[in-house]
Structures are given as structure tokens and as C-alpha cells.
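In what comes next, chain A is part of two complexes: it sits with chain B in the first one and with chain C in the second one.
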Partner chain A sequence: MVYYYFYMAPIILILFAIISMILIPFMNKKWIMGISSTGIFISLLLSMYVIITDNRSFYTSSDFFTISYYTYLFFMLFSFIGLFSSLSLRNVKERDVSIYYILIPFSLMAMYFAISSNNLISLFVSFEAASISTYALAGMPKEKRTLEASIKYFVIGALSSGIILLGISYYYISTDTFSIISVNGVNNFSLYILSLVLLLVGFGFKLSLFPFHNWAVDTYTGARATVSSLLSTASKIMALIIMINIFFNIQYMKTPYSSHIHFTTNGILYILFIIISILTMFYGNITALMQRDVKRMLAYSSIANAGYMAMIFSLLYYDSYKTFIPLIYLVIFIFSLAYVIMKGGSFLAMENFEAYSKSTTLDDLSGLSKRSPILAISFTVLLFSLAGIPPTLGFMGKFYLFYTLVENNFWWLALIGVINSAISVYYYFRVVMYMYWKEPRVEIKKDTLLEMVVLLMAILAVIIGILTPYIYSIMG
Partner chain B sequence: MIQLWMVLFLSTLYFSIGIMGILVARGGIKLLMSVEIIINAANINILAWALNINDSNGIFFVLLSIAIAAAESVIGFAILVSLHRKGKGINLAKLTDLRW
Partner chain C sequence: MVINSLININQYVIAAFLIFLVPVIMFPLILLIGKFSETGKRISGILATTGIFISFILSWFIYSNGTFSFNPGDYYFNFEFPWFGNITWGVFVDPLAITMALMVSGVSFLIHMFAIGYMGKDPNKHVYFAETSLFTGGMLGLVLSANLVMFFLFWELVGLCSYLLIGFWYFKPNAASAAKKAFIVTRVGDVLLILGLAVLYWMTFSSNDPLSIYNLNTQIPLIISRMHSNLDLAIAGALILGGVAGKSSQFPLHVWIPDAMEGPTTVSALIHAATMVTAGIYLVARIYPIYLYALPWAGLLVLYMGAFTAFLAGTIGIVVNDVKRILAYSTISQLGYMLAALGVGIVLGESTVGYSLYHLVVHAFLKALLFLSAGSILFMLLDVRDIRKMGGLWKKMPITISAMFIGALTLIGFPPLAGYFSKDAIISLSYYGYLHNTALFWAWFLLLIGAFLTTVYTFRMFFVVALGKPKSYAAENAKDPPWVMIIPLIVLSGLSIIYGLFQTDFYNFFNGVYQMTTMHFDIPWYIEWLPFILVLFGLLVAYLFYASYKLNPDTVARKSGIFYRIVKNKYYLDVLFTNIIAERFMVILAKLFYAIDKYVVDGIVNGVGIIFRILSEYFRKIQTGIVQYYAAIMLAGLIAILITVFILIGGI
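Up next, the complex of A and B:
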């Protein structure tokens, strides 16, 4: 039993940190910051230990949760970005401190439970816990801008949770159970298909796929940059992992309406996913070309990245889709590791401008190399990584994703991905050009800690990028 | 005797009313009410089916989802109150700072 408790340690530790922060009264700012950051840091180290010992046999399952090696793989990413976004919060008012530093670990814990759920009950509850805490985080320094971002996020989030709940109810009616992994049979096919489509739409809102993306841009732009670094990475990856858990684990079967070989439930879903991912990529990249605000550009590029992520669902085409699960987890892990480091790092770089000049247009960034060379070079590396220039991590993430698609006969989808990647180079390089070849227009105070965080992200993007083939070979 | 299609019809009606409310309403409070209606539409479905097949999981889940809906509207009201304190009221059509 001791064995199991040890593997549960990361999450129990975060739980203790949250409870102690809530229950112990009259804690001052430093104590709350210390407990929260230390709790997240130690659970990051422990989950890294679980991964490095590579204990694939560790696997425990109940009616509600399946906790395994892969859960910790993604929880490590969440706590990584949670740690750095809580470290780089600057100018926090005394009265807001407890809200930030309790809500961040709370949302991380909820995300952990959401990605480990194998039952729609526990999945919905933990998904909502993660969403609700991020609604509050998005509106956090209570200004007009952030509150507007927060209310838009809240309305769309509440709508999406209603849609998810309706999908769950149809799933329950058609299969008599809430479980994802053990379905005994389907008694109503049309309701079953409808429920899967509703679940796709509901989680698609969270992942900001194309027709459901509108909230994302306003929220990432309006919310504080550190909060958007958490929202655009951790909460998005959570939605992606939930969708993988659902759509690659449930049973698909032929519909009674047609005898055609691909008129099955997964046949319908994979076409939907391919159409949505192509539209998302093109929409995100083409709209990002027109932005003058760098933070808004990053928000649009995160929509485009959601499109790349959704491409993996084309593997639902094969009847043996369940055999792909370890490969999909591995590929998505490398892609989202790259995504967390480069997108989180770029939003954290924006925090410097947010805190001292209140705007993040290209003019604010012009001539950054003369004012602050370290921030300029590290932001440049992160942008190169986002554009997918080798040998950075962003290239590796895209490479393994496209390689998996090509290997499984989806070369045309991979080609569309490469074209989109080429479009995106333009708007990333425009920022680099402004930073290096334009004269500075506004004076901005330097923040050494933030610079160091962004520099660390840039170094990680290069080093892990070089080591990725090694990581892939030992994990695959 | 209440049939399944009756329950589905009722919940679909509720769901459409809620979606219509979200699309049309501009006041913040109406919006929160519409969200509650959408969540209740799904709750009716789950509860009816749970009673139909005698499954306690469904009833348990409806209780949880009511609690979640309450938590959600608490956060919604909190955001609306802070928005109201910043001036301009809670008419969502007037929130146009963030536009491209």
C-alpha cells in the first residue's frame, strides 16, 4: 500500500497546500506565495520522479479514475506552467494574493483529476472545477479589461458545460452507463452519435477549435499575461487529453442505417475532426497575419496550434484505433511539451510589457534588442520555436506529429499542416524584425526575474529540442 | 404513461429556450438564467432515464450537477458585481473594449 501512496504523493501534496492556505487564518503574502509555489514545485519534482523511474507497471483503476504513467506525464506539464506563471506574477495587490495563489494550484489539481477520469461523472465534475477556477483567474486584477475577458470566457464556458452535460445525458440514455471504458452495448444509435458530437462541440469550445474559438482571442488578450499563459496551455491541453481519453477509448460500431464500411460512428467523427482541424489551422494562421497587437497574435496562433493538435484524431479512421493510444499519448506529449514551453514562455514575456506599459503592440516591442538584449534573444528563440525552425523544440513537436500522420497514410493532412506552418513563419518573423531592426519608441522598466524566467524557457526549448530524438526513443 | 420521447421533447424544448436566451439576452442576469435552463434540460434527461432503468448513478450525478450549476452562477454573479462596480452596468452588449 505504501507503494500506491507514494505515487499519489504529488496530488496529495497540492491538496494539503490548498487546505493549509484556506484554513490557516492571518497568513501574510509571503507565506501564501511560499506555500503555494513550494507545493507546486515539489509535486512537479515528484511527478518527474515517477516519469524518470519509468514505471509503466504502475497503473491503478477504479470506477471513476484511471491513474497511470501517462497521467503524470501530462500533470508534469501542468505543474510546470503553473509554477512559472505563479512565480512571474508581479505587482500583485495584498488583497488579491490569496486568490491567485490558491486558485492556481486548485485548477492544477482539478486538471489532474480531469485527465485521469474514466467516467463521465468524475470527468464533468473535475472539468468544471478546473473551468470555474480559471473563470475567476481570468478576471483577476479587477480592471475593466480583465473583467470583460472573464465574462466572455464565463458565458462561453457555461454554454459549453451545458452542451457537455446534454451530451452526457444522451450518452447515458443510449448506453445505460456513464463509464467511458466499459460499455456493454448501445440501444439507440442516433442518440449515441448525437451525444458524441455534442461532447466534441463542448470540449471543442475549451480547445478553441474553429467554429467555437471566438472567446479565446478576447480572453487571452484581455486577461493578464501570466494568467493567459496558464489558460492557453494547461487548460487547453487538459481539453485535448480529455478528448483523446473519450474518443479513443469508447466503443464504436456500425450504424444500422447503412452497410457501407465507413458509415460507422468513428467514420463520422473522423471526418468531422479533419474538417474542423483544417479550418482551425487556416483560420488561426490567416487571422494572425493581420494583427498588430503581439498578444493578440499569440492568441490567434494558439488557435492555429489547437488545429495541429486536433489533426491527431484523424487516426480514428482505423478500426484498430485503440492500438494507437500509447503512440498518440507520446506524440501529443512531445507536441504539448513544446507548446507549453514556447507559448507559455511567450505569454510570460508579454507580462513585462503588460505590467509596465499596459500595451503589447508591435511598436512597444520595437527596438527591444537595444533596451533588453536578454529578453529580446530569448523571445526570439521562443518565436523561432513557435514557427518550427530546427533544432528547437517546436520543430520536433511538429515533426513527430506530421511523421505519425504520414506513416498512417494521412500525408495530405500533414502537407496541409506544413503549409500552415510555413504561413505562420511570416508573422513570427515580423515580431523578430521589429525587435532587431526598428528604433525603440517607448521606455520600459526591466524586470530581472521575468527576464530570467523567459531565458530559462528559451534554453529549455533548445536543449530539450536537441534531446528529443533520444527522449522519443527511450519512451517509445 | 410517460414515454422516453416526451422527456426528450421537453428537454430539447428547454435546451432551445436556453440557447435562444444566450443568443438574444444582453443583460447579465438573463444570461445566467439561460445557462441554468440549459443545465436543467440535461438534468431532466438524466433523471428520467435513471428512474427508468433504476440506476442510482444518474440520480447522484444530477445532485452533483445542480451543485456545479450553483457554483458556476456564483462565479458569474461575482464577475457581474465587479463589472458593475467598475461602472457602465452589466449590459454585455456594451462590453466592446476587446475587439479586433
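Up next, the complex of A and C:
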């Protein structure tokens, strides 16, 4: 049992950090920041240790949670971006900022439980915990802009929570259980498929898939960039993993109604997902083309990335979809790793402008190479990575995703993804052009810590990018 | 897939990686410190030389502990880790590779040392040394690659560096156009090479580690017997030979190398002796089983490409007046000998690879020696390159010209020197091959005439440069260069003189790969001595024409009329490539493509771009900023999905 407790150490540690921050209210800001960052950092290291020791036999399961190697794989990503998000909170001018330091580790912990849930009840509770803490984070610091972002996020979030709850109740009616992984027969096919569609919509909101995406643009743009970096990465990947957990474990069933064409549960869902992912990609990329606000452009590009991620659900086409789960975790891990580093890094680069000039348009960035060469080159690398230029991690993430699709006969879907990637090059490179070929217009104050963080992200994007094939082969 | 886990790393593997990584890492280092400090600029040459020296020491370390002891009894070690798909990345070290690594790093080291003096006054010398360092690192990486894809990357890196270095004095229009020409001509070869690699990949991709050099050397017979005919293999071999022709400057792609003389002389020395042109020969030797098991015409193509180039370049060498171009044509000719020796192997078996490589190493020494002595002359004569403006230099700069004399004697294959053992062996080898297969007769004949031509052009150059009276002001005031340039000359002279002693040892070390012993040629004695007789005859001819002036070369030139004009114009190959193919044919093609590009492709692209912009403007309007609309859109989406589902399942 001691063995299991050791593997639980990352999450126990983060829990201790939260409790100590709550119980000791008289601590000053520096202490709170230290405890929060250190707690996240140590649990990041511990979860990396769990992954590197590569104990895939480690697996513990209850009626509510299944905690395994893969849980830590993704928790590592969450705590990675959580750490930098928490570090860059220090720029926020606010009288009582300590609550936000507590909220970040709290949301990380909730995300951890959400991706490890195997039961819709525990899933809903932890998902809501993660959501509510991010609602509060989005409204930080108290300004008109951030409050608007937070309220929009909250209203749509509440609506989608309702939809999820409705889905859960239909799920229970049709299967007599809340469990995701062990369903013993379905008694009403229509209700079952209806509940799955409702869950798709409810969690698709968090992933910002096409018709449920509107909040994301306003929230990512309105919230502080450091919060956006957490919202657009960790919270989205959480939703993606939840959806993978649900939809790759559904009950295989043929439709009872149609006599000549036999659709199955997964057969219906894969069509929905393909349509949604194509619409999401095109919507995100095309709308980003004309944005002059870089932060808003990043928000749209994160919608487009949600489209790429949703493409993986096309593998539901195969009746043996459950056997794909390890492959999907691996491919999505590499894609998410790339996504976390480059998108999180890009938003943190925006924080540099937010903190001082309050504005992140292309004009604010023009001539950045002359004022802050390090920030300019790091941001350029991150943008190259987002566009998917070869030696970087962004290319590798897309490469393995598209490669998996092509190997499983979805070459046309991969082709659509590549076309979208090509469209996206335009708006990413426009930023690079502004940074290098235009004259500076606005003065910015340098923030060395943030610059170093962005530089670190850029270096990681290149180094891990070069090493990715090796990572893929040892993990695959 | 041959994947060694990290545990298998031992000191040899690390050394093998460092051999090419050290010079490559030197590249940014030298650039940076040279850019930011004046001292850095001054020590850049020493840094680069040290980097290459470390590579040499590491190569020597692997060679001297040369049991290659992953598995006792194996003559190689192979370390690969996975890269893309089923392509790997790693080092493959066997006698062939380590011989090349030693030669490349050793000769490069001497050339770099020479360059410290030669480039001493150049304001951009840190750029020069950074680039030559990368150049050498690229070549060492190419030599040690475990996989043809990795090999190709380094091959291209070497090509890129040669472009940068040939155009190093980019402000000279000749240099810039020569660099461009070198790049474009080798590109033609590279297209063929990449096609050849594609054919090879297609043949081997079902095996678990395609294009790995280890597999290509061991499993070609197996692959053929399994699925493919040896015709495919011959096609692959011929296409790869196209790449070799580009890189190793064989007919008809040899035209870039004489122009490449516009770069610094040390660059020419690097290209000709150590780092670039030998890559093609090495490639053929590296994947030799392909030619061995292919249809015989692939091997004959190798043989006749080599033999014909050896002859052709020899004839042009006689009529050129630029000292560096004479040496360039001589390189082309000698590379022809190496390729021909490889080609003979289809008759005599793969142990001829050893003969080719021995000539390659000897040629590296002597060609580095000749180029460096030519470099000293140019250094002291303020870059006068026309041999007709030199003359009488033996008295003015005795050490340099003595070194050049040794190099020239080695080049023509005068008996006690190394060239005799390497080149005459190849000519004898081709005759021995002719005894087995009559198709080789003309190859032997061309190589034999090539030996005569070599003597004539080499000593024409030497006599005109060294003897007689100084023919220009610069030549009258020449003297020996500083010691840092003299030492490499002396070392290389020594190697050229004594390396012949190691002929048998070299073959034995080398043939260990193939578990074969050195051949004994069973050929008549007069055939064996025929090359030497021709060398003596050539010396006599050169003496009569260019030293004693008993005969006047101009009279001969006038009498031979059309032949002289053809040779003087380099067989009109440049005219063919530039004036006819490039200017007549390609320009029309280019205009056609430009029209298609402008009106069709651009039209489509711009049209799509406009459509996307309009769409983008339209989509933005969905983003109203009003949260009620968002909720409405979300619910509309939900309803749309539900309708889709109901259509799909066909009822409730």
C-alpha cells in the first residue's frame, strides 16, 4: 500500500499546499506565492518521476476514480502550465491577490480528478470544481474587461453544466449506472445516444468546438493573458481527455430502427465529431486571418487547435475503437505537450504587453525585435511551432496526429488538417513580419522573468521537438 | 529495427559521435566569439584547427583500439536510435569509415593550420573558419552516418558549405557566379541521388531498417532473392551514380569544379583533398554491394564514367593556363581513377574497394600538398594565377617548390613515391579485369593514356612555374611563406613519400571487411611496367616542350587545328550547358512556367485568399459579444446535432 501512496504523492502534495494556504490567512503575498509555486513545482517533478519510472502496471481503481500512468502524463502538462501561470501572477496589481494563488493549484487538483474519473458523478463534481475555480480566475483582477470575460464564461458554463446534467440523467436512465467504463447493457438506445450527444455538447463547450465556441474568444481575450494561458491549455486538454474517456468507452450497439443501414453508437458519433472538427478548424483558422489583435488571434487559433484535437475521434469509426485507447493517449499527449508549450508560451508572451500597455494589437508588437530581441525570437519560435514548421514540437504534434489518421485510412481528414495548417501559416507569420520588419511604435517595459519563461518555452519547443521521435518510440 | 538501447553506448560510440559533433559545434562558437570580440577573430583559426585536431585524435582513438569491439570478431560497430518512422540516426564505423575519418580529419587539420597563415589578413576570417569547420564536420558526419537519409543530410550540408566557401570572396563577381554554378550543378546530381534513394527505399522498406548502411551491406542478396530483380538495383545504382557524378565531379557534371577555383586556395584544397569530392567515391564504396549484385551494366557505367573522365580531364589539363585549374582538372582525372577501380570490382570482386580507397588517401595527401604549395605561391605572388606569369620560382621559394615537386612526382606515379603504388595498381587492376572480361579493355586503355596525360600536364605546370626566368615583377620578389604554412607542406611531403610503404598493410586492414586477401595480379611484366614507361615518355615530352623549349607547343596547337580548339574549349560542355540548355531551352521553359504560375496558380491562390478574407469578415460577425446570442448559438448547435443524429438513425 505504501507503494500506492507514493504514487499518490503529487496530488497529496498539492492538496497540502492548498490547505496550508487556506489555513494560514495571515501570510503575506510572497509566502503564498512561494507555497503555491513550490507545491505545483514539486508535484510536477513527482509526476515526471512517475512517468519516467514508466511503471505502466501501476493502476488503481475504485468506483469513482481510475488513477494510472496516463493520469500523471496529463497531470504533468497541467502542472507545467499551472506553474508558469502562477509565477506570472505576480504582475497583477490587486489588493488581495492571494486567493488566486490558491485557485490555481485548486483547479489543477480538480482537473486531475476530472481526468481520472470513471464515474459520471465524480466526473461532474470535479469538472465543476475545475470550472468554477477558472470562472473566478478569469475575473481577476477586478476590471471591467476581465469581469465581462468571467461573466460570459460563467453564463455559458452554467448552461453547459445544465446540459451535462441532463445528459448524465439520461445516461443513468438508459444504462442503470453512472459508470463510464463498465456498462452492462443499454435498455433504451435513443436515450443513450441522446445522453451521449448532450455530453458531447456539454464538454465540447469546454473544448470550444464549433457551435459552442463563442465564449472562448471573448474570455481568452478579456481575461489576463496569464489566466488565458491556463484556460486555453490545461482546461481544454482536461475536456479532451474527459471526452476520450467517455467516448472511447461507450457501449457498442447497432441502431434498432433502420433496416437497411446499420449505424452504431460509435458510428453516429464519429460522423458528428468529423463534421464538428472540420467546421471548428475552418472557423478558427479563417476567422483568425483578419484579426489585428494578437491575443484574439491566439484565441481563434486555439479554437482551430481544438478542431485538430477533435479529429482523433474519427477513430470511433472502427468497431474495435476501444483498442485504440493507448495509441490515442500517446498521440494526444504529444499534441497536447506541443499545444501547452506553444500556446501557453504565446499567451505568457502576451502577458508582457498586457501588464504594461494594456493592449496586444499587431501595432503594439511591431518592431519588437529591436526593443526586446529575446522576446521576439522566442515568440517567433513559438509561432513557428504553432504553424507547424518542422524542427519544432508543433510540427511533431501535428505529424503524429495526421500520421495516425492516415494509417487508419482517414487520409482525407488529415489532408483537411494540413490545408488548415497551411491557412494558419498566414496569420502566424504576419505577426513575425510585424515583429521583424516594422518600426517600433510603442514603448514596453521589460519583464525579465516573463521573458525568461517565454524563452524557456521556445527552447523546450525546439529541443523536445527534436527528441519527439525518440519519446514516441520509447512510449509507444 | 536495430535499436540499441542507451545502455549499449560505450566510449567508442561517444567518440564516433564527437568526431563530427566537435567541428559542427565549433561553427556557432567561432561565429559568435568572432563577431563580438577582436581577440576572438584572431584566435578563430586556432579554435577551428583545434576542433579538427580533436576529431583526428578521436578517429585515431577508434582506429588504434580498432577491434571495433561490440562483438568480438566483427569489423564494425553500429549504433542507431530511432528517428522518423522506420528511419534511424546513428553512427556506423568500419575500416572504410574510419579510414575516411582519419584522412578527412588529418588532411583538414593540416589545411586549417595552413589557412591560419593564408587567411591571416582577411577581415572576415572568423566566418571563414566557422564555415570550414562546419564543412569538415559535415564531411565527417557523412562518413560516419549509419543511414543513407542521415548521409544525405550531411551530403547537402557539405554542398551548402562548399557554396558558401567558394563564394567566400563574394564581392568578386567570378566567385559569386562560380559558387552558384557549383551549387546548381551538384543540385542536378542530388536530384538523381534522391531518386536513387527513393528506389532503394522502395525496395527495402519492408525490411525493418531500410536505408541503413548496415543492412545495405549485408542484406542486399537477401532482398533481391526475396522480391526484386537486380534490374531495380541497377536502376537505383545508376541514379545514385548521377549524384556521385555531381559531387565527385565526373563527366558530364564535372564543369563546376574548375570554376570553383575562385574561392580561397585553402578552400580548393579542402574541397579537392579532404572534404567534398571524395564523398561521391565514398558513397559508391559505402553501398558497394548494390553494384555488385545489380545487373552488370550498372558497374560498367561506374567503370566507364571513371575511365572516360580520367582521360577527358587529362586532355583539358594540358591546355589550361591557370595553375589552380590545372590542379582542378587533375583532381577530376584522379577521381576518375578511383571510380574506375570501383567499377573493376564487378569483375574482380569487392576487394577492389581497397585499391580505390588507397588511391583516394594518397591523392588526398598529394593534392593537399599541391594545392597548399600553389596556395603559398599565390599568397606570395599576390594572387597571380596564370602560370605564364610565374617562372623561375624554384630559386626564389625553394621549400615550397620542392614540396610541389614531390607532389607532382607523386601525382604522376613516379616509382618510389606513394602515387606509384596507388595509381599503377589501378591500371594493372583494370588490365587484370580485362583478362577476365573483354569489356574492360577500353577502360584499361583510357586509364593508361590518362597516366601519360597526367605526366604531361603536371610537369608542364611544374616546369613553367619552377624553371626558366621570372616572368613578372611579383615572381621576381617571391620568397617562402611563414612557418605556419611551411609545416603542413613538409608533413604532407613526408606522407607522400613514405605512404607507399603501407600499401599491403592498407589493403589488408581494408579487406578485413570482406575477409579477402590481397590479389596477386597475374599479368605480363611489360603490361605492369607500361604505365611507368608512359610516365617517362610524358616527362620527356613535357621537358622538350616546356623546359628546354626544343619544341614549340604553339606550333603543335596550330597544326592540330580543330582538335586543339575542341580541347581548349573544354569539349564545348560549358557552351552546351550554359548557352544551349540554360539560355535557349530552359529560358523558354521558364517563361512558360512563369506564365502558368502568374495567371493560373497565382489566380487560384489569390482567389482562394480573397474568398477566405470575405469568409473571415463574415465569420467575425458571429462574434457579437452578446452572451445571449452565444447561448442561442449553442442551443441551435445542439438542435442541429440532434437532427443529424435522428436522420442518421432513421427514427426515434
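Going forward, the second predicted complex is superposed on the first by the 468 of 476 C-alpha atoms of A that agree within 3 Å, B and C clash if a C-alpha of one lies under 4 Å from a C-alpha of the other, contacts with A are read in each partner's own complex, and residues count from 1 in each chain.
Everything below uses one rule, namely that a residue touches a chain if its C-beta (ideal position, glycine included) is under 8 Å from a C-beta of that chain, and two chains touch if they have at least 3 such contacts.
Treat the numbers as computed from the prediction; the structure is a model and nothing was measured.
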Task: Partner chain in contact with A:359 - chain B first, chain C second, else both or neither - done: neither
- [ ] Please work out whether A:61 is in contact with chain B alone, chain C alone, both, or neither, and reply first, second, both or neither.
- [x] neither
Open item on the list: After the superposition on A, what does A:212 contact: first (chain B), second (chain C), both or neither?
Closed with: second
Open item on the list: Contact-wise, after the overlay, does A:470 reach chain B, chain C, both or neither (first, second, both, neither)?
Closed with: second
Open item on the list: With both complexes overlaid on chain A, does A:151 touch chain B (first), chain C (second), both or neither?
Closed with: both
Task: Touching partner for A:162 - first (chain B), second (chain C), both, neither - done: first
Open item on the list: Let me test your reading of the model: by the given contact rule, A:176 touches which partner, first (chain B), second (chain C), both or neither?
Closed with: first
- [ ] Identify the partner contact of A:128: answer first if only chain B is touched, second if only chain C is, both if each is, neither if none is.
- [x] first
TODO: Touching chain B in one complex and chain C in the other: list those residues of chain A.
DONE: 151-152, 155, 159, 163, 217-218, 287, 290
Open item on the list: Could you list, by residue number, the parts of chain A that touch chain B in their complex?
Closed with: 121, 124-125, 128, 132, 135-136, 139, 142-145, 147-152, 154-155, 158-159, 161-163, 165-166, 168-170, 172-173, 176-178, 217-218, 221-222, 287, 290-291, 296
Open item on the list: Going by the contact rule set out above, which residues of chain A touch chain C in the complex?
Closed with: 151-152, 155-156, 159-160, 163, 189-190, 193-194, 197-198, 200-201, 205, 210-212, 214-215, 217-218, 255, 257-258, 261, 263, 268, 271-272, 275, 283, 286-290, 423, 469-470, 473
Open item on the list: So in the complex, the part of chain C that touches chain A is made up of which residues?
Closed with: 3, 81-84, 612-613, 615-617, 619-620, 622-623, 625, 627, 629-631, 633-638, 640-642, 644-645, 648-652
Open item on the list: For the complex, give me every residue of chain B touching chain A.
Closed with: 4, 8, 11, 15, 18-19, 22, 28, 31-32, 35, 38-39, 41-43, 45-46, 49-50, 53, 55, 57-58, 60-61, 64-65, 68, 71-72, 75-76, 78-80, 82-83, 85-88, 92, 95, 97-98, 100
